[in-house]
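In the part that follows, the structures are each spelled out as structure tokens.
What follows is a pair of complexes built around chain A, which joins chain B in one and chain C in the other.
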Partner chain A sequence: MSLSPDEVKSIAFLARLSIQEENIEQYSQDLSNIFGLVEQMNAANVDQIEPMAHPQDAMQRLRDDVVTEENQREKLMSNAPLTEAGLFLVPKVLD
Partner chain B sequence: MITKSLTELSTSLKAGDFSSVELTQFYLDRIAKYDGELNSFITVTEEQALAGAKAADEQIAAGTAGALTGIPMAHKDLFCTDGVRTSCASKMLGNFIAPYNATVVEKLNAAGMPMLGKTNMDEFAMGSSNENSYYGAVKNPWDLERVPGGSSGGSAVAVAARLAPVATGTDTGGSIRQPASLTGITGIKPTYGRVSRFGMIAYASSLDQGGIFGTSASDCAMVLETMSGFDPKDSTSVERDVPNMSASLNDSIKGLKIGLPKEFFGEGLDSSVAEVVNDAIEEYKKLGAEIVEISLPNTHLAIPSYYVIAPAEASSNLSRFDGVRYGYRCEAPVDLTDMYMRSRGEGFGTEVKRRIMTGTYALSAGYYDAYYLKAQKIRRLISDDFKKAFEKVDVIMGPVAPETAFKLGEKTDDPISMYLADIYTLSLNLAGLTGMSVPAGFSKNNKMPVGLQIIGNYFEEAKLLNVAHQYQQVTDWHKQAPSAYTGGE
Partner chain C sequence: MEWETVIGLEIHAQLSTNSKLFSGSSTEYGQEPNTQANIVDLAMPGVLPVLNTEAVRMAAMFGLAIGAPIGRGNVFARKNYFYPDLPQGYQISQFDKPIVELGHMDITLENGETKRIGVTRAHLEQDAGKSLHEDFAGMTGIDLNRSGTPLLEIVSEPDMSSAKEAVAYMKKIHELVQYLGINDGNLAEGSFRCDANVSVRPKGQKELGTRAELKNINSFKFVERAINIEIERQIDIIEDGGAVVQETRLYDPDKNETRSMRSKEEANDYRYFPCPDLLPIEITDEFLTAVKAILPELPAAKFERFMNEYDLSDYDAGVLTASRETADYFESVAKACGEPKLTANWVTGELSSHLNNDSLEITDSPVNAEMLTGLIKRIADKTISGKIAKEVFQALWAGEGSKDESAADKVIESKGLKQITDSGAIEALIDEIMANNEGQVEQYRSGKEKVFGFFVGQVMKASQGKANPAQVNELLKKKLS
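Up next, the complex of A and B:
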């Protein structure tokens, strides 16, 4: 299995990762090798096997729909790169 | 001081032989003296440590102290610590001040353990050598040219060089057991769901589990029983009572059935590692254990399925780092997409990007069944292998890693060779079982430490610690420390 440089570029875009042009070839080789390793899964016949998502096959626990967090807006926002008037600032989205 | 067990430290603190402030300062001084070349800490929290120690001394004076009160420790830098930088060894979180405590941090704070600092690791816990840290590689105290293992390499080295009595770690594919093995200390990865993941920065949520490093099984038992337990804030935490793990350490292991999986002793295992592991098993025979040959026939599928499941979950978990609410943001973004792409491209290191892209591809439209779903099915095959084995045996033993600590830079250009080093540890995480590494000797080739892996059934941490403790009563491998950092003290 091999992933071409163009495929790597499209995966990087899906993952929203900028990759330097000069590194694309290396990622293409690395990802091809990783999926080469992953292909060893094909040797296993798992048609009749149930997938396992949780080691104890536990169900997702639900809690009551009530507010339990205290409001600490300023503390939480102090980690943001850019804020104004209690809002997160991002580059213009709409013209 | 550095040869005392936690129980001895606790007794001395309560007897007034020394205060927690003195003990904590002693370790801070050791960190200042030795960590320059080891690089096991990303952040040393001297102020918090001494404040915690002072509070512990007041509790001791008031007679309200518990078993761990006043004993300093360190946290892997992926546990959120309120008001303290929590970087996950990434440029992405270089300025991130955690706004709350992880449950594990909360529990050990409540037990009165002063925090010495936050330890180095592979970025976002992705790696097996601790070379993937934005803050520089960690060095193995037994040989500075060698890696300490990863991803919890900083915590392992802090304990191995006696810069902290105990330290937390996390294990997604071997990240506690492998560095414990490579640095000659004791480390335990609990059953999935035993220790809360709340406030542990997520890598692969269905595999991640917090645990502890110490110099002995009895030290690990004291801390693990304190940090374990159901947590409503972690939706995968398991509602189950935590036993007193220290109470059963001295139980006899006569008649213990030890399973040896033939797949763990085949091709690829370094002969000097095999020799140490076999010697340890001989020691168990002398203690009255019975050896049973077993098979875990799907072991060879662990690496391929792990390298689908873990990257897939990572690509989803790490999508939260968008340069908006916290973390790194690139300079002068021209639009939103540019901001996402460059913030993430510049903020994450190479291995993290590799795994995000692997996961993104595996989860992309049309590939789900071929990769993630198939890997989840193989996960059950691997888990069923262990279930069958545990019908016949009490614990399973084998090597932790196929070789001892390798040289810095030896595998950095070849990610696959690094992945293959996790062959004996990954399958446990896929099954969700508990496992530990116990120092069992040194390779005759390069004098580097070798760990014995002990694998237990679900929620049998107390049994593992008992089995390890009995071995440590008749051997002294766990007491050996790198002399460059412990000579004359």
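Up next, the complex of A and C:
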């Protein structure tokens, strides 16, 4: 399986990565090589094995429904680039 | 050409937990922005989600209530997309292994028939924060208080074929989640939201038409309007030789139109994969047994029981079981006064219309269940007539009497409304009226029986409505003959 330059572009867009046009060919090859590596696993026979959702063979621990957190807005906002009226400010988004 | 509509709904119901799905932050609505968002809700590097038991329990309750299997090893997955009100860059949701599998919900159609709507699945996921686009020159404000609030996304099969059916289904789900106590039912505050997938096809065609998804409609009225306007739009496009585009559309209630939000070209590719931060959720037999034990009586069962136990019409049983609060109110009055039919009439009649007029919920009714019990007891033992009872009810509504069962007695006493059943007193009234209306007495005796009604009216008027009507009739007949 290989990854085309167009697929590389689309993956970069979805991940919001800015990549240079001249590097796309190289990325395409590198990523295809990784696929090659992963594909080796297809040789393993897993007919009798139930797919796992997690590599650890364990179940999720649950917590009680209790509010344990206090307001830490000042502290948590201290490293935000821009805030106003208790809100984080980001470049305008409209949907 | 004749057209057929196909509708499926996705309902997002916020679960009424105290804390968030994966953090110990409060979920309380309406607090100062960003005061309920901790490092997990803000997705600071290195934080890990810890799952809330209560959210799992509530989702399981819903599953049992719609007759669905509960996913014994259900799994959280990451749904990847970028938006500023989603700091993680992905939403923790469920994909191929949801907690609630295929179930169903029965709705009643306008012609009285029952239609079964499939509920494909319901899964747990995090809510996002809120973006505020106004008020900040060229910037968007982000409030993450809602970030991480538990949601149950309830996905229906495309089983509905009109806007009315879609609303009926939405109302049923709305009623159910409130019965279960897992959602506060507040559409205005966004705790119960709905997306509708709508498509049309020529009648008889098997394949589905291309669908549009109508986003975030926040009232029953708007759901109906939005779907109807979208159906018209799609039919117009096809009849003009065009093709419907698969896209997300927003309903604008002011203009009563839907408009495109994102086109298919930019459609998101969510790249779901199992969330490596969370292990599968084990639903044990013990857990399910405990959930079954706390499951309240469901609306459909209550409806049947009200018809059988209290001998109510299906209309009355339907109105009285529309909310758990109304059902509880009715039942407490009916049991205390032993007059279920009379209670049903008062709750669906006088009480409902007063609540509507003052835009009040039954839980905020100035006339509580004990007060109505006291009033109905006095109608039943004939202390007052139904007509006088309305006057007493009005006084109770206005705050007279007290907040307990003796309230009606106090109003009857202080206003002197007790029914006159003393035949001597009624006869005295009749004698006086006959003496003052000799002409009418003559008319009646010469065969003009219609005048009888005149006498009844006069006696009731003279007694200020307090004379027992049956007695008045009987005594009048005797005296006039």
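As a working rule, the second predicted complex is superposed on the first by the 89 of 95 C-alpha atoms of A that agree within 3 Å, B and C clash if a C-alpha of one lies under 4 Å from a C-alpha of the other, contacts with A are read in each partner's own complex, and residues count from 1 in each chain.
Simple rule for what comes next: contacts are C-beta pairs under 8 Å (C-beta built on N, C-alpha and C of every residue); 3 or more make two chains touch, one makes a residue touch a chain.
Since this is a predicted model, take the numbers as computed values, not measurements.
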Which partner does A:N71 reach: the first (chain B), the second (chain C), both, or neither? second
Can A:L87 be said to touch chain B (first), chain C (second), both, or neither? second
Between chain B (first) and chain C (second), which does A:D30 come into contact with in this model arrangement: first, second, both, or neither? first
Kindly classify A:R63 by the partners it touches after superposition: chain B alone (first), chain C alone (second), both, or neither? both
Scan A:S18 for contacts with chain B and chain C and give back first, second, both or neither. first
Going by the touch definition up top, name the partner, chain B or chain C, that contacts more of chain A. B
For A:M1, is the partner it touches chain B (first), chain C (second), both, or none of the two (neither)? neither
Does any part of chain A touch chain B in one structure and chain C in the other, and if so which residues? 14, 16, 53-54, 56, 58, 60-61, 63, 72, 76-77, 82, 88, 90-93
For chain A, which residues count as touching chain C in their complex? 10, 14, 16, 53-54, 56, 58-69, 71-73, 76-77, 82, 84-95
Enumerate the contact residues on chain B facing chain A in the complex. 95-97, 99, 191-193, 206, 232, 235-236, 238, 298, 300-301, 303-305, 307-308, 315, 319, 322-329, 333-342, 344-346, 348, 353-354, 356-358, 360-362, 364, 371, 373-381, 383, 415-416, 419, 431-433, 458
Chain B partner, complex, touching residues on chain A are 3, 8, 11-19, 27, 30-31, 33-35, 37-41, 43-44, 46, 49-56, 58, 60-61, 63, 72, 75-82, 88, 90-93
Contacting residues of chain C [partner chain A, same complex]: 17-19, 23-26, 32-39, 42, 50-56, 73, 75, 80, 82-84, 97, 131-133, 136, 138-144, 261-262, 269, 271, 274, 276, 278-282
